[in-house]
Amino acid sequence: MPTSPEVTPSEWRAAAAVAGRREPYLAATGITCGYKKIPVVRDVSISVGLGEIVLIMGPNGAGKSTLVKALTGKIPLLEGRVVLDGQDISQAKEDERAKRGIGYVPQVGDVFPTLTVQENLEMGGYRWPRRDVRTHVDQALEQFPILKALRRRHARALSGGERKTLAIARALVADPRLLILDEPTSNLAPAIASTVLHDVVDGLATAGRAVLLIEQRVALGLEVATWGYVLAGGCTRFEASGDELRARDDLGSFFLEHGGTTAVPVTTQA
Amino acid sequence: TAASAVRSTNAKGPLNEAIVIAYTGPVSFEGLAADGGVYPGVSEINAAGGINGHKVNIVPVDTKGDPADAVPLVDKLIATTSNLIGASGIGTASAPTEVPILNSAGVTMMTFAGETAFNRSHYKYLWRLLPPDDANGKAMDLYAKSKGYKRVATVFGTTTGAQGDLPGVLSGLKGTGEKLVAKITLTPNQPSYRAEVEKLIAANPQVIFTEQNATTAVTFFSELKSLGHLIQAIGTNALVTSSWENAVRKAMGRSTFKRVLTVLSTSAPHKTPANAAYARALATVKSKVGSPWTQWEGNSHSQAAYDGVIVQALAMTAAHSVTPKVYNTHIMAVTEPGAGKTVVYTYAAGVRALKAGKKIQYYGAGGPIVFDKYHNSFGNQEAMKISTHDNTIPIATIPEKEIQALG
Amino acid sequence: MNVFVQTLGFGVVSASIIAVGAMGFTIQFGLTNVLNLSFGGVMTVSAFVAYLTEQSGINIWLCLVLGGVAGAVLTIFLGRTVFKVYARRGTRLFEMVMVTLALGLVIEYAVDAVSRDQIYSLSFPEGASYHIGAATLTESQLIIVGIGIAVFVGLERLLHMTRLGKALRAMAVDPGLARSCGIPTNRIVNATWLISGFLCGVAGVIYVLNALSVSYTTGVIFLPSIIAAAILGGVGSPRGAVLAALMLGLVTQLVAAAGFSAYSSIAAFGVLVVVLLSRPSGVLSAAARKVELTL
Amino acid sequence: MGHFSFYLSTLVVYFGIDLLSAWSLNLQYGYAGVINFAFIVFQAAGAYVAGAVVLGPDTGPNSYEHYILGARLPFPLPLLAGALAGAVLSAVIGLFAVRRIRRDYQAAVMLIVSLILLQVVGNDVHIFNGQNGITGIPRPLQTALGLSLPDYQWVYALWVLAICVVLYVVVERLSRSSWGRSLRAIRDQEDAAAALGLNGTLLRLEVFIVGGAIAGLSGALLVEFIGAWSPGAWGYAETFVIFTALLVGGVGNNRGMLLGTLIVPIIVLEAPSFLPTIGYPGLIDAIEWMIVGLAWMGFLLVRPRGLLPERRFRAPRPAAGVGARHGLAGWVARTFTLGRPELAPVAPVAPAIGVVAPGRASNGEATAPVSPAVPPAGARSGTVGSEEQ
Amino acid sequence: MTGSPTSEAAPRAGDHGGARGPANGDAPVLQVRDVVVRYGGVVAVSRVSFDLFRGKILGLIGPNGAGKSSLLAAIGGQQRAKGGSILLQGRDVTRSAPYTRAQHGLVRTFQTTSEFEGMTVFENLLVAGRGAVGASLWRVVARSRTNRAEERRAAAKAWGVLERFEMADLADAYGHELSGGQRRLVEIMRCLMRDPAVLLLDEPMVGVAPHLVAKFINDLRAVAAEGIGLVIVEHALEVIEQLCDVVVVMALGEVIAEGTYAAVVGDEGVRRAYLA
């Protein structure tokens, strides 16, 4: 299988521009990463521009979470480069990347169980000066009123959805320039899921932030995505704009049929 | 059998004397005391030309005071040591495991282990140079009685040695008629013994019988002192080590220490030529023994260890053999007093006398050595004050007969 | 009766000694998830530092601070040079316990070698005596109790009121997530080591002030009580550690006063077992079950 | 030579006994996750009881030992008594210690139990004679066999090894059985395992008792060999020696224990005793311990999973038709197309940045090509294979 | 497993009695009566009741924090019910330990995945697969022959399930090496290994690729068809719509509506509490 040779950021930008993308805020090129030095994701390049909502899709075990773990610095890169806002952050530590404006809501392990809701939110605002934390926390609570009543509760004593909500709110407290959400709608009731995607995610993009979204409920993700990547077996196999994905007649008819809530096709058994 | 240690009488190369004892662990002081006797003894022998022309080496074996650790080490000793002429030490804690192995391998043992189990032992190769622990305990009773004490308290740690002496103390008290007002057992190395101290004070004894390790003693006596009740204490022979004395002396204060504490130990005449020889030999090995080296001079355990080595060597000379199987039967011959025997105080003198065809009685640094049929040598006990580590001041002697008479 | 009152007062002193160590231990265990059995070795070293400085005639309370500093320095040194290396290699909880144990052995016997296997005793003026109720306590004992209280108040405030404290707690449950929040976990871990090391050192010194002798086994002998108090109180909770230390201190002294001195520490440990049994769910939290080393 | 063989037989006996201990711990820790820092207590229980039931009646004023019912049980009953003692003590301690508490707390509780019992037995002369312990335990059948001590030792060593072989089979079978699997399930996720019908406390108690019986047996074998037993022989540090053997050998691998026990007792017990004598007494020992500690740490750094790590269970593949690839093609087809095969992806195209060739994308073709579903073969099998030894 | 679900008219009983009324004169497999769950001061579930019959699928929906998981915990025994009673196949199990309930035929999945991390995927399935044989040493020793047969059966079944959920490649992967969705699949496959009387599923489809969701739906239908009672909590409403015979809506710990899916989503109160 042909793999791309070394790609410089400028080439990348050129390619992206032609494809009708915005200038990348985060550009990851030739990423190879995995666990214990054994690659799971191989030679993947993706980018997110400010104002974009980029969706990553793919079957279970495709390497989506692994890829974003490499972007946030949770696992080391085996190859490739991560450039954030023109600066190479490939070697930067996780907390360093967070300070530079990458927010991250992991798929699992997304809150501090032994801290209260309030304290969790405060931790989200760790990068702010002390006196500003309060206002950021309050803003986040405004967005998710469900958390207000739970402020003093330990995070381990939340329901699944409350917990996910808290995780998202915590990431918002940091007011990141790039927010990475790994399956944010899981465990969320439809109403909150839709708030998250349409108000929060869309709102961030409108406000000029970059959002990288992983969704297994593909249709839901596509509602807001401006660009989509399909990942499988650790490689990107396909990418297209959100419009294009939505426009494909087969997909379109499917979404219409199912009210757009999720992509649950019902197939006959093979 | 294959188990005899030295097969040839005409051994080649140096002879090996083992010290099988705990150098580490809770009873590590035994190892130091053994070293304090064996090293000078061997040095004296070598200085006098060795045994039948052979030089002697020392092989220390650290049993850690743990029988399970001791077994493979002793087996290894027997397996890997050529010309093994004997074993010294055989400390209290693991003696019961080691003795059978060494005995069946035919290694002569010179021990100061206090176990009452050996009071009637049938081990052919085992010789004990110090009285058993309970004799020491009874001597304490007798001394207290002689001082007119009526109300006594025992304060013993739970270590092996302490538990060996305690039965003697208790059984002795029945004979002396003193009243036991408190029997306190100290779990070693606690940060405080406040409750025990309070209890002791409440019982209002006139004197304390005691044996505890240094850490325990420091804490216990400082608390006793800080509550203003530091009364007279009588200790066992295990307290005569410089590290114990230093630690406790500092905690009590120098003059208090001397005033309060009396120690009972096997009596050792200080002025015999044997003592002088021992002191000289000790000086030649001062870098090899626990410091300060002078402390071992008056230590009954060290004296016993020293005597043990000399006795072995003299027996070998008398038997014209370095094989334990052969010389073991000559041991009594060089120690027993008897009419017409030449009394010798040093190895060199003994060898000279034997060469001259005389029968000898070795009179040791720890006094005369008289083995009974169970190979035990008893002796007088002595009460003493400790002024500095190498300066003990005898104040009374408790004759062996009185101790035996007590039960 | 009087004996009991006396011992009660004294139980508080023992409790304070245990509590200081247990608080140091508990925050290290709670925040880095390392059940650090080399803690005993560090206490010994600090105790020796205090002994040596005391020998050179420095005021004993200054020695206490020096001992604490020694503990802090040694702990952070070990943390950075030893524990971290293992954590990077992905050493897990249990193996780490074994590492700390081995390290404890190394320290213990290094001290043994340097101290020539000897016991060193301190003669330290105990100062005036005070009668509090029926109990008599010396000045230094009162100061020890004071230290215990001060450490407790300080730690509680630190953990629950300050940002550093909250970050410490956050990191304890999920270091990865903490990092992705931008918390500089490295610095925070260092802070933990410094604090717990300092407390460990202080504990070693006040233990020796009470027992009045120090040898290479001092810390190892003291360690079980500290671990017991830390666990009884719930790992990571200074409040719990203090309560547990009080319980252990009083039980030990009362049982001894009742005449079962051989069983006093046994009784104290028995309390631990009983309490752990009666509230197994209290110490079992879903979050805490899957602990990850935070180094 | 004769002497060396004598020494060797001793080492073989110790090796066998440590091996039993390591298996017992492996069962408890490697499979059930119970960190039994009180291990040595169960070995001690076996040793004391096995010793005390052969000592016979009190022998008079000079014997200071306390005996159990004055029994003088014949071989091999003492061994069984030892195993039983280990099992019973395990059951008693297990009743509180293996309940559901945090694993590290459990470890600490066990450590403390170990300290408590050592103190109780050491401080109280009425229980197995306090610090002095029991001594003079006869070696089984020594007189009956009429062998010299060295020969007898070899017989004994073979006897121990025979027991090891039997127990290897037992332990290996148990740990591979569905019971062993249940233990591991409980260890990993007690809630989930309980929801599948497994009683965690019972399972842990069972493994605790089985381990305790093996420990007791090892203690009995040991005491019959050395002939004495006292608190000096079961300080809690002894437990850590076995645990180290476990770690060195590889947790969860019964064969690894062979290596572990071969290496650790030799490092811990034998190698240092070959060091030359220097300095004051005790210095060598201190240095030895430092070396042991450093070696131990070094090992954990270099081979943290042990010499023979736990073996991954390889599920036996059924004959055919299984293991077909599942990849992108299927996923896209099923996700986007409602199973309409005509939209299944067609042509292979370069992945990553080359996927959307600028020219083609700009002309707005609606059907961007999709690369075929070829999972990177190396990725999966590589990940799995990484754990293999 | 049976036919095309799109064509198949799942037994969506139009009458209210679908899951509530006895389908064929059966007694309910699971009866929940006035169950209360409290955490300290928080009342998570207050007096909830329902009956579940053989072969029926009950959907439990409601906003986040409504008390759905708490209710499942009370039924499964992970949380002690502070009031009310739970009858499993007519047996009162309100105070039983979770493993007893499981042995009496109740199997559940958890909202946060609970794979056995130190075991391979295949072993994960085997643990679920055998009856109660590995549950105690005694049974393993005493029933070694039955045991072996049972193991073989379980292994065969495991391969089938693995194949179906495209996890056969990963049979030998450890639980801790799985992706989020794969962990969920293990959870799902584990409960399909069992032949329970009652199956409780707490958001089983979260993070699972859509086509596998479809398969799983089919499987659940087949499971129900075998006469097993199912309770499923899910926020993906189309799953509930396709699957459930009856839907119970909870909010703030109480049941606010129940009935068929259509009836329930049409309900004004439900719209306000959940869907808005």
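Letters A, B, C, D and E mark the chains in the order given here, with residues in each chain numbered from 1 onward.
The definition used in the following text is that a residue touches a chain if its C-beta (ideal position, glycine included) is under 8 Å from a C-beta of that chain, and two chains touch if they have at least 3 such contacts.
Predicted, not measured: the structure shown is a model, and the values here were computed from it.
**Student:** Comparing B-C against A-E, which pair counts more contacting C-beta pairs?
**Tutor:** Looking at contacts between chains, A-E has the larger number.
**Student:** Closest chain to the protein's overall Cα mean, using per-chain Cα means, please.
**Tutor:** D
**Student:** Taking each chain's centre as the mean position of its Cα atoms, how many Å separate subunit B from subunit E?
**Tutor:** The computed centroid separation for subunit B versus subunit E comes out at 76 Å.
**Student:** On a C-alpha centroid basis, what's the spacing between subunit C and subunit E, in Å?
**Tutor:** Centre-to-centre distance between subunit C and subunit E: 48 Å.
**Student:** What whole-Å value do you get for the distance between subunit B and subunit D if each is reduced to the mean of its CA atoms?
**Tutor:** Distance between chain centres, rounded to whole Å: 43 Å.
**Student:** Quick one: subunit D and subunit E, Cα centre-to-centre, how many Å?
**Tutor:** The separation of the two C-alpha centroids amounts to 37 Å.
**Student:** Mind pulling the subunit E residues that touch 2 or more other chains?
**Tutor:** In subunit E, the residues touching two or more other chains are 166, 170, 177, 209-211, 214.
**Student:** Going by the touch rule set out above, which residues of subunit A reach two or more other chains?
**Tutor:** Within subunit A, the residues that touch at least two other chains are 35, 59, 218, 263, 265, 267-268.
**Student:** For subunit B, give me the residues that contact two or more of the other chains.
**Tutor:** Touching at least two other chains: 28, 158, 185, 187, 291.
**Student:** Which stretch or stretches of subunit E touch subunit A in the complex?
**Tutor:** My answer: residues 1, 3-6, 39, 42, 62-70, 111-113, 166, 170, 177-182, 184-185, 202-203, 206-215, 217-218, 235-239, 242, 274-276.
**Student:** Tell me, which parts of subunit E touch subunit D in their complex?
**Tutor:** Contact set of subunit E toward subunit D: 76-78, 97-99, 102-103, 107-108, 110, 114-120, 122-124, 126-128, 130, 132-137, 140, 147, 151, 155-156, 158-159, 162-163, 166, 168-175, 177, 190, 194, 209-211, 214.
**Student:** Across the complex, what residues on subunit B touch subunit C?
**Tutor:** For subunit B paired with subunit C, touching residues are 28, 158, 184-187, 189-196, 198-199, 202, 214-215, 218-219, 222, 226-227, 243-244, 246-248, 250-251, 253, 291.
**Student:** Looking at the complex, which residues from subunit C come into contact with subunit D?
**Tutor:** By the definition above, subunit C touches subunit D via 35, 82, 85-86, 89-95, 97-99, 101-106, 108-110, 112-113, 116-117, 224, 227-228, 231, 235, 262-263, 265-266, 269-270, 272-273, 276-277, 280, 283-284, 288-289, 291.
**Student:** Looking at the complex, which residues from subunit C come into contact with subunit A?
**Tutor:** 163, 166-167, 169-170, 172-174, 176-185, 285-288
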